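We call the chains A, B, C and D, going by the order they appear; numbering starts again at 1 in every chain.
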Amino acid sequence: MPLTPEQQAEIEAARASGQTTLRATVAGMEAHLYRAHPVLDHGFVRVVDYMGDDGAICQAARVSYGKGTRQVSSDAGLIRYLMRHWHSTPFEMCEIKLHVKLPVFVARQWIRHRTANVNEYSARYSILDREFYIPAPDALAAQSSVNNQGRGRALEGDEAARVLDILKTDSSRAYDHYRDMLSTEGQSGLARELARMNLPANIYTQWYWKIDLHNLFHFLRLRADPHAQYEIRVYAEAICQIVRDWVPAAYAAFEDYRMGGVQLSARAVACLRRMLNGENVSQESSGMSAGEWREFQTVIRPETE
Amino acid sequence: MPLTPEQQAEIEAARASGQTTLRATVAGMEAHLYRAHPVLDHGFVRVVDYMGDDGAICQAARVSYGKGTRQVSSDAGLIRYLMRHWHSTPFEMCEIKLHVKLPVFVARQWIRHRTANVNEYSARYSILDREFYIPAPDALAAQSSVNNQGRGRALEGDEAARVLDILKTDSSRAYDHYRDMLSTEGQSGLARELARMNLPANIYTQWYWKIDLHNLFHFLRLRADPHAQYEIRVYAEAICQIVRDWVPAAYAAFEDYRMGGVQLSARAVACLRRMLNGENVSQESSGMSAGEWREFQTVIRPETE
Amino acid sequence: MPLTPEQQAEIEAARASGQTTLRATVAGMEAHLYRAHPVLDHGFVRVVDYMGDDGAICQAARVSYGKGTRQVSSDAGLIRYLMRHWHSTPFEMCEIKLHVKLPVFVARQWIRHRTANVNEYSARYSILDREFYIPAPDALAAQSSVNNQGRGRALEGDEAARVLDILKTDSSRAYDHYRDMLSTEGQSGLARELARMNLPANIYTQWYWKIDLHNLFHFLRLRADPHAQYEIRVYAEAICQIVRDWVPAAYAAFEDYRMGGVQLSARAVACLRRMLNGENVSQESSGMSAGEWREFQTVIRPETE
Amino acid sequence: MPLTPEQQAEIEAARASGQTTLRATVAGMEAHLYRAHPVLDHGFVRVVDYMGDDGAICQAARVSYGKGTRQVSSDAGLIRYLMRHWHSTPFEMCEIKLHVKLPVFVARQWIRHRTANVNEYSARYSILDREFYIPAPDALAAQSSVNNQGRGRALEGDEAARVLDILKTDSSRAYDHYRDMLSTEGQSGLARELARMNLPANIYTQWYWKIDLHNLFHFLRLRADPHAQYEIRVYAEAICQIVRDWVPAAYAAFEDYRMGGVQLSARAVACLRRMLNGENVSQESSGMSAGEWREFQTVIRPETE
């Protein structure tokens, strides 16, 4: 369970009393506010605040004085146009603030996205809880034999059991020793900023993370992608569900142009034109490397082939 | 008047209908929302949206689950501590979005602050209005004789009249020519992206500008400073009034530690210690340059001397 | 002529004396160093410094200790892989510093790229030179009738002459008045920070501009694009020539994947698959809007059709 | 030893062959280039490249065409002026690229400085080495009893021995298990991106880190400060030595105005003026909290008191 009863009570208290505001509000997001969406075994994502909506993107693009008399359909068209032509600044006018609980090795990938604001729980100042990520059986994957940074099928039988046992036992022992070193019973007690170094990367941390919609879309495109590591992808997918409820028109454009879209090289475009003219193009005659050709095939042929 | 009746009506419409939200709201900011605060002769600043309040700064600093049971006084103490020790990330958790109308030469200074999101009205796409900044008599200042980038006393008499006449006449003629070149009556009409090059830097532009509180404080410290150019300082001062109503505790800490605070060099601190020990220190014995010594005097001696 | 004899002499002096270094150096860039490449009527681009080369991109990607024993061909392959999969951080490990002289209205577009370092010549502190951009006849374009932010064919005959006359006369008069207002002969002289407001947007300014290769590529993709305004595009094209000599492998990958590449939406990919299966797809059956369909046609059909 | 013989040989090879360049070079930095400066038990800092020197700061501030005829003393004066008045952009015109090997818990603090470019060694792609930070006896500190995020005196005797034993044994066991899980002998072998989660935060990682001088000074002010955690401070101190050799005038100004300088609040300045007027001010009459008063005393009274 990611939340204690006390934490759950704090969330309920925050959800109990609405206030009147003149700002842009979105009913779908109000329903999400403060609630913890569970991710992995102990993690969560929850919305702490948001700024703007689909209309705010258009207002900024038009530098307008009010909501104007535009229709929702005209806003959706403008949003698609902005997305298609990489006009990123209107999307930067929306902002979201999340509270995320996540394993440290996921946090280390996540933080590489620098255009965000972060406040992490400090293990110099506080003592971390005994919560570790232990993969579910179907997430316990073997190293991929074809992709140096990918994973293959799930481990089975004894090997899976051995790995789970190692992860659980080592986490537990490391945490016991962490508390032993910190203890001031009959000893001085090691500094917290030092004791934390004994903790493995599957321990959970948490942070407040604030980012604008343009940069969030960039994060989601990379991290909700099938090639992203499973443990960060599930967070990205949880955020996708939230964004869909927040800015439905922008999210639909994002799905069409970014998540579902592809980038083709000049060589690939040249091939395509020849193929549409009826020519039979092979890798050899394409000018592409084997890797590029393989990726090109996945674009033009249904993945089910 | 910075606003047309239509624009004023759009603003009134936006202010007419509140919605219920669970987010942090601030009564003082709700009163500001959408209203245009006049600045200079045709400019304004108005709040389009905001995220967070004093409590949100503390929640982020504590990475907490709800508002907790802390008292307002404890929040103010934490905010002062964070400001004093340059813990900037909790202040980044608040965000504000402004609509600003301002002369182009002010916009060019303003945009140097890069850690903000901007959507400017496009003179490639649209035709600019006939609105130019013409300084009020007391803002029509002579070049400073002591500071290469400062200004001295207000011009007087004939000189003031000549300058005002030049600014008004040249602006007016440039704008007439701008419209003449754009006109498609009996001619093709010059491209808007070219015609705009004839317009002087006192023409007004406008933009949506979004920034987090930490970076806004940095902007305000530099631009609300007495050494800042008057024409940007009045915008900074208008924003200060707004921020004071938004996050009163953070703004009070900002005033004490940043706006009213000073930075002393190691040499200055060494001097100070000697002076507090009763020593009579002169510029010569201080190790400081003439300029540094002068600035040091303004710190330790009341400015009225 | 963009340079005075004194400036030319300073450049020659800087080019006269080489020093020995252990850093990565590129012969092609050493040839560019300090020289001014003319752009428009009075502008230029010149390289002031650079960091890294194609090898440095690979070293960073491999976090290696030295140049290793890799071959140039292996480096080029890695660079193509990094570009194709949007691994941007290795490209950020190269940096370039340029000195650019450019009209103010171009500078205003340029500065929107925020991920760069800029030091602009200060018109608060110094007096600007009498240099204005006056378009060459073939750059004096009419407003496009189909694209709100584009331009059409060149103006002709009397209209062209009228426009040129306006631009020249207004620039000249504005500059005369600028100097008149600044003058201290028989008067106080207006502050420089105020007098500059009378100058039109075709006056030249200059700055030092420093950016990493990843962000430079982003700038070049947008600004060397045929849809960019001509007056900024010529600067981008001049920089492209320089980058080609600096990091040839990275530039070739950039040309293939970014400049010559295209982004297709999910809808467009679905269409493509149907077309490759022999289906005859029309705009109606494509699910695309008229604008999207038109853009899609330019991708799959040679532009000469 | 932080380097293998092979790595040392690569470094020597890179240092063996200088090239001629027209760029600004600094003899003191050439001596540092590529060499590994040892930090902690297995870490290091080494300079991979640099851009600019003291002169380059001034050239950018003046937007000049060449080195000009200014003297070194005039440059140093300008640099002090720029530092004193927070003109940060000229310092951004210098850039440095470092290769750093450091424990993961240090890397996690370090990465919070977002205005830098980073390429980290990937434990998804590669297998980490068996190298762990084990504190030297005098760095094995107890938790501070007065500062929640600080450390007190070194642990002694049995307690120190117990802690060292835990850190060594747990690291070693975790690493053995990491290799066991990865092994493909008689089993599939766990994916590298998963196996790494068993590794504790004292394992070493490495990265290429590139940053401009302004942001580097900000990093150094926070991390070379006596209140910074010892394990990151030793890296900052090693970098300070390097920067001193790179840009001596800028570093001297940094030491005077930033490292050795202090920030006083408006309240503190008011106190100071009263004290210089001979008044005896106590905490009660100062308007400061106990914590602020204590910090104020360390500024005005020599630390040796």
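Note that a contact is a pair of C-beta atoms (placed from the backbone, for glycine too) under 8 Å apart; a residue touches a chain by one contact, two chains touch by 3 or more.
Since the structure is predicted, the reported quantities are computational estimates derived from the model, not experimental observations.
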Checklist outcome for this item: Intersection of contact sets, chain A vs chain C, gives B, D
Item to check | Which of B-D and C-D has more C-beta contact pairs | outcome: C-D
Item to check | Separation of chain B from chain C, taking each centre as the mean of its C-alpha atoms, in whole Å | outcome: 30
Checklist entry - What whole-Å value do you get for the distance between chain C and chain D if each is reduced to the mean of its CA atoms? => result 35
Checklist entry - Just curious, how far off is chain D from chain B if you go by their C-alpha centres, in Å? => result 33
Item to check | Sequence positions of chain A contacting 2 or more other chains | outcome: 89, 112, 118
Checklist outcome for this item: Among line, ring, star, complete and other, the chain touch graph is complete
Checklist entry - Once bound in the complex, which stretches of chain D touch chain C? => result 3, 7, 9-11, 13-15, 17-25, 30, 33-34, 48-52, 56, 59-61, 63-68, 89-90, 92-93, 95, 97, 99, 117-121, 206-208, 210, 212
Item to check | Interface residues, chain D side, partner chain A - complex | outcome: 103-105, 108, 111-112, 114-115, 118, 122, 124-125, 133, 135, 140-144, 148-153, 155-156, 159, 162-163, 166-167, 170-171, 173-174, 177, 180-182, 184, 187-194, 196-202, 229
Next on the checklist: Using the touch definition from the top, list the residues of chain A that touch chain C in their complex.
Outcome noted: 77, 80-81, 84, 86, 89, 112, 222, 255-257, 259-269, 272-273, 275-276, 289, 291-292, 295, 299-302
